[in-house]
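Note that the chains take the letters A, B, C and D in the order they are written out, and that residue 1 is the start of every chain.
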């Protein structure tokens, strides 16, 4: 039977230190809950850190890769889905996740949040980026939640999965 | 030789009266400049109105359809690209356009703006939606321009195409 | 209103002299019928030759490009659809065409024929490759036609479009 | 670290009794080798039977679904990748698999074999369909192997993975 998948999205090359730290903790907490982690799969930024956190605490990790090979794959990915779709793969990231946690902000992440909300997938924003909070809460008031830290984000995920 | 393509993106079912009026005028002005119009191709909202404006003034129109058929195609589309990609087709919309004009705002439009900017495609925002202006200008200061009306938007397109 | 689109599919780098000659003639005949030509859009093989034939006889040409740029585009393409989907764009080629003519044979072409037939799009095989004729006619007896030359292929297209 | 993924492709609604029996055995043998099974994920034909075989023998199963939901998912899928790409998802099936076993034959399967070979992914044909054997062996002599039964197919996979 289909298992629970939690998507952690966030900047690659442009992730801040806070984003990376949060991503690692999210990966750890997701693994500890017994959920599967899904990311964009590359060996940089939030994708890599979340996958590392999940693997170090016994989780299973899926990476949805944008290219047609696994050259830039994170070493912490168990299951590589090789799409060769470029950024169109962002839609697969959100369609395949039960909940999306946006850890930090950037253009790719913004596209994933918009695509998730359009698909009625709940999104948790873990970022101090106030413009993004206002923008997405206005576009989709019922599906966007702002979390102040990683544990709060995980608590929101639990509540959403119980609905 | 490859012709110039201008993408007009905006809400479908949720387009406001102002969005629809602006979209029609954009289609007209794009046709008068001799550019090709590209939209999401369906028979609703900004897509339909822009295509109507272009066709009534002798333009050529391309519709990038999300489904695997042409059932919901705008009657003002000349060239139907049938993708069966759902919202992943949004990335094709922006990759195929020399410039994107966002006419109104919504979740699909937000995803297209983010994907365009990530691809370094210039975006002109024609909308009074101040949260979106602040959000996208912060994420990509050099590629986002706010236009106060349709003629100004077209003037910005001209300037971008001359660069 | 949506115009007629005829897809010409065939080998790129591996096209034979006969494939190239046939592709050029198909492009010419398609333009002379007033139909739009759709190809994979690159500057090699059957794609390039068919587009050249169409342009030299006043036709309109669409290229569905596999990459996220137009670096390898045929100079005979008017409308570039930039997909960044790799070979997944083959499905768009066949969904967007009213009829497919397979001019020559190869792995990409074989995938397009199979995807077209799965979508109930008629396929005309213009090739002396007997294994492919037997294979595809057995899988889809009613949708596959073998043409002995380019004019016969165009006659089949006419008949299909009148149905 | 990325785990081994074996793709089993074959007819859905049109699978024969032999196809279904072989698919179940392949799933079982793949699970017993400790490999991950990847299929098209729906609750019919070869996809469903292979996933059932893998789950009953303790394996892990991935389903690459064509729609934007999990309505038609096989109950034997652990990890659902929801693509909303229609048949364009066939390219993801083959890019994500280390080896493809084609169990039976049909139009979707033919597209997957062609896309796999174009991507230099080895394909094992488990089918008495002689036209397909001749066709694909001619197009790609070095990457196509014909297996006479499921155990032979698995032995070929082992040999390929050791290379």
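In the analysis below, a residue touches a chain if its C-beta (ideal position, glycine included) is under 8 Å from a C-beta of that chain, and two chains touch if they have at least 3 such contacts.
Which chain is which protein? Per UniProt: A, B, C, D = P450 cytochrome.
If you're wondering where the values come from, they're calculated on a predicted model, not measured in any experiment.
Using the contact threshold fixed earlier, the set of chains in contact with both subunit C and subunit D is A, B. The centroid of the Cα atoms in subunit B and the matching centroid in subunit C are 29 Å apart.
Subunit B and subunit D have CA centres that are 40 Å apart. Among all residues of subunit A, those that touch two or more other chains are 68, 84-88, 91-92, 119.
Chain contact topology: the protein chains form a complete graph, every chain touching every other one.
In the complex of the two chains, the subunit A residues touching subunit B come out as 85-92, 105-108, 110-111, 114-115, 117-119, 131-132, 134-135, 138-140. Taken together, the subunit B residues at the contact with subunit C in this complex read 1-3, 5, 36, 62, 64, 68, 70, 73, 75, 77-85, 91-92, 95-96, 119. Those residues of subunit D that touch subunit B in the complex are listed here as 68, 84-88.
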